[in-house]
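Shared between the two complexes below is subunit A, which has subunit B as its partner in the first and subunit C in the second.
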Partner chain A sequence: MDDGSLATVLLAMFAGAIRVSTPFLFVSLGECLTEKSGRINLGLEGTLVFGAMSGYALSFHTGSPWIGVLGAGVVGVLFGAIHGYLCKLPKVNDIAIGIALMLFGTGAAFFFGKAYIQPQAARLPSISFGGWSDDSAVQQALEINPLFIIGFFLAVAMWWAFKNTRWGLIVRTTGDSTAAAVALGINVDRVRLIATSVGGFFAGVGGSFLSLSYPGSWSEGLSSGQGLMAVALVIFARWNPLACFEAAILFGAAGALGPALQSVGISQGYHFFNAAPYIMTLGILIVAVSPKRSLKGAPAELSITK
Partner chain B sequence: MSIAAADQTQHDPSSKGIGVETLGVTKRFGSLVALDDVSIKVRPGSFHALLGENGAGKSTLVKCIMGVYRPTNGQIMVDGREAVIPNPRAAHALGLGMVYQHFTLVPSLTAAENLVISRANVPGIVNWSREHADLEAFLETTPFKVPLDIPVNGLSAGEKQKLEILKQLYLNQRFLILDEPTSVLTPDEADEILGLLKGLTDSGELTILMITHKFREVTGYADDVTVLRGGQMVGSGAVADLSVEDMSHMMIGDTKLREAAARAETSVPALVVELSGLNADDDEGLPALSDINLKVHAGEVVGIAGVSGNGQSELVEVLSGQRDRSAGQIKVYGANYEPVREKMDRFKVFGLSEEPLHNVAVPSMTVAENIAFRSFDKSPIASLWGWLHPAKMRSQARGLITAYRVKTPSTEEQIENLSGGNVQRAVLARELSGDVDILIVANPCFGLDFASVAEIRAQIMEQRNQGAAVLLIAEDLDEILELADTVAVMLEGEIAYTSPIGDTDRRAIGHAMAGAH
Partner chain C sequence: MNDFKISRRNFVKSTAAGAAGLATLGLPTMASAAGLTIGIVYVGPRDDFGWNQAHAEAAKVLGTLPDVTVVEEESVPETIAVSKSMESMINLDDAKMIFATSFGYYKPFVLDLAAKKPDVQFRHAAPLWTDADPKNAGSYFGYLDQAHYVDGVAAGLSTTTNKLGFVAAKPIGTVLRNINSFLLGAKKVNPDATVQVIFTGEWSLPVREAEATNALVNADCDVITCHVDSPKVVIETAEGRGVKTCGHNASQAPLAPKGFITGAEYKWSTIYTGYAADLAAGKPLPNFIGAGFDKDFVQNTGYGAGASPAAIAAADAARAEVKAGKPIFAGPIMKQDGSVLVGAGKSLDNYDPMLDQTDFLIEGVVGSIT
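Let's look at the complex of A and B:
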C-alpha cells in the first residue's frame, strides 16, 4: 500500500467513522440515560428502526427532513414511555419487555414502511468544513452531518448534567439505590419512566439519521443491530456519556473499515471487515464481563448487575 | 429563589433538641399485636436508649414515630403537642430524623452530593463552589469530619455512619433516632461516634433515641432507658438507677436461656485445618485476601474478628467453594482439600452461616427437604438408582426437628415461613447431627433472639468439646470472646493479629480491628 492510498483509507475511515458512529452515539446516549436510572431498554433497536421509518415518512410527506428527525424522536418517546410504563408494573422484567418492544418496533416499521421503500424523501443537509482545502477528497470527508455535531454536544451536556443538575443527581440516585431514592422522597418509577422516554427520543433521532442521512433511504435492512450493540457500547463506556462518544467513534471506525479498504481496491475479506463491529462487541463483552468480578461503575440497580 | 427556601431547612446550630412522647401507642399487623399500649417519654436534650430483644417491637415503635406506620391507637407528642405524622416527610418537617441500620446513602455519589440531594429543595443547577463553601461552613459547626469529595462506597463504615448522622444534622433534624448505629463499627469508632453524639445531647442541641441491645453502650452513654418486650413497655428509668442485671431481666423476662456450655479441656491438639498463603480477589477483581495463614486444631475454636468488609465474607466463600482462590492451599489433615461436595463429605466439613434463609436454605422448599440437603443422595433416603424415599426423608426430619427443638407446623412447611431462630435451628440440625470434624461458622446468631443465640452458641461449644475444629467468623466481638480459644483479627484482607484468648481482651482486639497496634 503506498502513501497515497494509505491517506485515502485513513480519510475514508475518518469520514466513515463519523457517519457510522452517529446512530451508535444517539442510541448509546439514550441507553446510557436509561441505564443510569436503573433500567435496561433492549427495545431501543426497535425504536431505532421505527424511528428510521417514521422519520423518512415524515420527511417525504412534509418535505422537511428536520420535521422527520423530530417526529422520529417523538415516536421514540412513545416507545420509551411504553417500556417505562410496563416495567413499573409488578413482577415485570425489563429485559423481556425490551425484547418484546424490539420485535414490535421492527415489525411495525416493516409493516408501515412498505410504502416508503421506493419514494425519495428529502435528506438532511450536511455542513462543509472542508472549504480551506483544494483536495476534493478532503472536502468530501469534511462534509459533516449536523446530527453528529448535535450528538457531540449532547454527550457533553449529559456528562455535565449528571454532575451539576438536580435532575442528574436524581437519576444517578435512582439508578444506584432504589431504597435511598425512596427514602429521599423520589418517585422512582416516574424518574425511570422519564429517563426511558428521553432515552427513547435519542434512539428515535438516531434512527432518523439512518434513513435521512446515511445510508439515506428507508429499507428493511437499514439497521444492522446498532440498537443492540449500543448496550455493549454503554458497558464499554462505563456509563459515562463522554466515553460513549469515544466508544461510538471507535465502533464507527470499525464499521467504516470494510468500505474504506474497498475504496482503494482491497476487497479481500470485505465481509470479514464488515463484521468488525460485531467482533468488537463480542470482544468487549468477553473482556468486560467476568463471573468473578462485578462491573465497575455500573448503576447498582440494573437487573444485569444485581 | 429555591436556594433561599432551602436554606431555611438547613443547619442552624442555635436550635435545641426536641422532646418526643408516645401515649398508649398500639400497632396491629392483622391479628399480630406488634405494640401494645406503649408509652415512652424522651426528654428534650437527652440520650435515650431503647432496649429489647429481636421482635420486641422497637423498630415498629420508631417507625410509628417517623410516620412509616400509622399507630392503630394512641398518640405521639412532639415538644408537648400532639402531632399527626402521616408520612416520613411530615416527621422530617417536625425535626424528627432517623438513621437506619442499613445505610441509606447513595454509594456512587460523593458525600457532598449525598448531602445536597437529601435537601428538600435541590436547586435545578447546582452551584458546586457555593455548595462546597456552605458545606465546609456547616462541617465547622459539627464535631464530625468526613471527606466530601470521594464517592461514598470508598468511605469506611465509620465514615459512612458519621455521614448519615451529618445528613440529619444538615437537614436540621433535632430529634434523632439511631437504629443499632454501632453494629458495623469497630469498638473505637463506636466510642468516638457515641461520645460525639453524647456531647451534642449534653449541650442540649440534640435529642437521641437509640435502639440497641448492647448494655455497654447503654451504661456508657445513655441518660435514660426504656425496655420493650413482646410489644409491651416493661420498664423505664434513668440508667444511673438500673443495673445491667435489672435491664437484662426486663428484656428477656422469665425465659430460661440455655446455660453457656462449659469449655472442656481438650487434650493433645491435632492439627486439622491449615490455610497457607491463601489469596483471593473480590468482585471488583481487587485483592480481598492476601496471604492468609491460619491453623485450626481439633477441639479448638479459632475466632476471626474484624469489621465487616475486611475479607471475612470472601474467606468464607473460598472455604465453602463459592469463590476461587488465586493462590494458596487449604490442607485438611495434611492433605490438599478442595471445597467440593465429595470432599466435604469425606472430611466431615460442615457450616453455619448468617441469614440462613438467604445463604444456606432454599426458602420455597419444605423443612424436610432443607434438612436433607446433606443426606438426600445417600442411603437411606436415596436408593441405588437415585430414587428418593420421601417418607424416609420426612421421618429423618421429624427426628431432627424434635432433637433440635425446631418450631414448625410440620415437616412439609416451606422453610421461609419459619421464624429466623427456627430456620437456623433447622440448619443446625442438618449440619450438626452427624459426625463433625470441621465446622465453619459465620455470624450464626445475626438477628436472632436471645434464646436461639444461647442455644446456637452452646451447640457450637459442644461440637468443639467433642473434638471438632471450629473456625468462627463473627462481627460480634462478644461472640468471639465467649466461644474462641484463639482470636485472629482480619484487617484489609490480612490476618492482622492472633492471640490465645487468655492473653488478650476486648481493648486489644478492638485496636487490632481498627488497624492500631
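Let's look at the complex of A and C:
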C-alpha cells in the first residue's frame, strides 16, 4: 500500500467513524443509562428500527426532519416505558421482555413502514466543516450531522452527571444495590422506569439518524442488528458514557474499512475486512475478560452479573 | 344465546366439511375453469425500488388479464416459511401456478413441493432447473447483462475520469456477468474506461452500500451503478455526491433528478403474461425460458437528465444491435488473470452456456472475487 492509498483508507475510516457511529452512540448511551439503573433493555434494537420508521414517516408528513427526530424520541419513550413498567411486576425477567419488545418493535415498524419505503422524506441537513479543502473526499468527510455533535455532548454530560449530580447518584445507587436505595427512601421502580424511558428516547433518536441522515431512507434492512451491537458496546465500554463514545467511533471506523480497502485496490479477502468490527469486539472482549473478577464497573443489580 | 357462539374449532370443522362437500360436487374444478389463480412469493417488500418491485409491477399487469387472479405474499424468507406460504396458496386459494421469485426458494423448497403437488406448476426466477428436477417445476430468467451492456455504453460516454463504479452484493455468476457486460459496453465507446467494483457481501445492507458508494466516489468514479436488491441507497448517495448513476432491477429515475442516465430493468410481465396465455390455451409450459432484448424480457429505464444526446444515440444503437443478435463478448477479451477468454476475431454468443457459469472478472475490472 503506497502513501496515497494509506491516506485514502485513513480518511475513509475517519469519515466512516463520523458517519456510521451516531446510531451506535445514541443506542449505547441509552442502554448505558438503563443498565446503570440496574436493568438490561435488549429491546433497543426494536426501538431503533421503530424510531427510524416513525422519524421518516413524520418527516415525510410534516416536511420537518427535526419533528421526525423528536417524534422518534417520543416513540422511544413509549417503548422504554412499556419495558420499565412490565419489568417492575414480580418475577418478570427483563431480558425476556427486552427480546419480546425487540421483535415487536421491528415487526410493528415493518408493518407501519410499508407505506414509507417509496416516498422521499426531508432529510436532516449536515453542517459543512470542510469548506477549506478542495478535495471532495475531505469535504464529504467533514459534512458532520448535528446529531453526532449532540451525541458527543450528551456523552460528556452523562459522564459528568453520573459523577457529580444527585440524580446521577440516585441512578447509580439503584443500579448497585436495591436494598441500599430502598433504605435511602428511593422509589426504585420509578427510577428504573424513568431511566429506561429516557434510554428509549435516545435509541429512538439514534434510529431517526439512520433514516433521516445516513444512509438516509427507510427500508427494512436499515438497522441490520446495529441496536444489538450497541448493547454489546456498553459492556465493552464498561458502563462509562465517554467510553461509549470512543467505542462507537471505533465501530464506525472499523465498518468503513471493508469498502475503503476495496476502493484502493486491496480487494482480496473483503469478507474478512467487512467482519472487522465483530472480530475487533471479540478480540477486545477476550483480552479484557478475566475469570478471577466480575466485570469492572458493572452495576451490581444487573441480572447478568448477579 | 349460547347457540350463536362459534368457537374456532367448530368454525374450522364446518368450513372443512363445507370444502370437502364442494370438492365432491366438483365445484373447485369449475372454479378453475372459470379462472386461473396464480400465486407469487416475494423475498422482500413489493415497493423496494428493486428486484421485488420489478416482479410486483409484472404481477399487477398479470392481474389485469381477464380470468386471472393473483395472490401475493411479500417478505417471505428463504426458509421453510416459503413452503408454508406456497402450500397455503395452493390449498386455500386454489392456485394452479406459483412464481417463486427469490434465488434461495428453489432448493429444496420449490423442488420438494413440486414433487408433492404434481398438478400445480412451479416456476422459479433463476436459471437453476435441470432435467433431473420435477417436470412441473421450471425456471425463467431475463438476461439483464444485455441491459447493463447498454447502460455501460451510455456510462462510457458520460464519464470524464474514465472510472466507473459498481456496488455489487455477492460475487455469484449473474452479478459478475453484469459487471463484465457493463465494462464491455463502456469499452465499446471509450477504450480507456475501467470499472471499479466493491462487494458488500449481502443482498441488502443499506449502511455498507452507502459506504461503498462514498468510497467509489472518493476513488474518482463519476458514474455509479450497482447490483444489490434495492438500489435506492446507492442511487441517492451518489446523487448527493453529485455523480451520475445507472439503475438496476426497476426504475430509480425519480431518486436522482440530476444525475440519472438510464438503468437495466427486467420486464417480467412479458414472461408472466406468456405463461398465463399458455395455460389458458391448454398448452404445456416450457421448463426453461430465458431471453434478453430479443424477446422483450429486459429493458432500459427511460433516459434521465444525466444522459447526453451522444450517450442516448449510442445506447439506442447498441440496444438495437444486441436485439438483432450482435455478440456482447466480442474478442479480444482477457480475464483478470491475463488468460484469454475470447480470442481476437472470435466472439461468444449472448446466450453461450459458458457465460451462465461466469466465475471470473474481465481485464479492466478493478476488484477481486475472493
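Quick note on the criterion: the second predicted complex is superposed on the first by the 288 of 306 C-alpha atoms of A that agree within 3 Å, B and C clash if a C-alpha of one lies under 4 Å from a C-alpha of the other, contacts with A are read in each partner's own complex, and residues count from 1 in each chain.
By definition in this document, a residue touches a chain if its C-beta (ideal position, glycine included) is under 8 Å from a C-beta of that chain, and two chains touch if they have at least 3 such contacts.
All of these numbers come straight from a predicted model, not from anything done at the bench.
Colleague: Following the overlay on subunit A, give me a clash-or-fit verdict for subunit B and subunit C.
Modeller: They fit: once the shared chain is superposed, the two partners occupy separate space.
Colleague: A:296 contacts which: subunit B (first), subunit C (second), both, neither?
Modeller: first
Colleague: Decide which partner touches more residues of subunit A, taking subunit B and subunit C as the two options.
Modeller: On the superposition, C touches more of the residues of subunit A.
Colleague: Which holds for A:20: it touches subunit B only (first), subunit C only (second), both, or neither?
Modeller: second
Colleague: For A:220, is the partner it touches subunit B (first), subunit C (second), both, or none of the two (neither)?
Modeller: Once the two structures are laid over each other on A, A:220 reaches subunit C alone.
Colleague: May I ask you to decide whether A:267 touches subunit B, subunit C, both, or neither, giving the answer as first, second, both or neither?
Modeller: A:267: touches subunit C, not subunit B.
Colleague: Going by the contact rule set out at the top, does A:166 touch subunit B (first), subunit C (second), both, or neither?
Modeller: In the superposition, A:166 contacts subunit B only.
Colleague: Check the residue A:140 against both partner chains and state whether it touches subunit B (first), subunit C (second), both, or neither.
Modeller: Touch partner of A:140: subunit C, not subunit B.
Colleague: By the touch definition at the top of the document, which applies to A:183: first (subunit B), second (subunit C), both, or neither?
Modeller: After superposing on A, A:183 lies in contact with subunit B but is clear of subunit C.
Colleague: After the superposition, what is the least C-alpha distance between subunit B and subunit C in whole angstrom?
Modeller: 38
Colleague: Using the touch definition up top, name the residues of subunit B that touch subunit A in the complex.
Modeller: 88-89, 100, 102, 104-109, 113, 116-118, 122-126, 128, 281, 283-285, 323-324
Colleague: How about subunit C: which of its residues touch subunit A in the complex?
Modeller: Per the touch definition, subunit C meets subunit A at residues 44-45, 47-49, 75, 196-202, 204-212, 214-219, 230, 232-233, 236-237, 240-241, 254-255, 366-368, 370.
Colleague: Tell me, which parts of subunit A touch subunit C in their complex?
Modeller: Contacts found on subunit A: 8, 11-12, 15-16, 19-20, 110, 114, 117-118, 120, 136-137, 140, 210, 214-217, 219-222, 224, 226, 255-256, 258-260, 262-265, 267-271, 274.
Colleague: For the complex, give me every residue of subunit A touching subunit B.
Modeller: 164-167, 169-170, 172-173, 176-177, 179-181, 183-185, 290, 292-294, 296-297, 299-300
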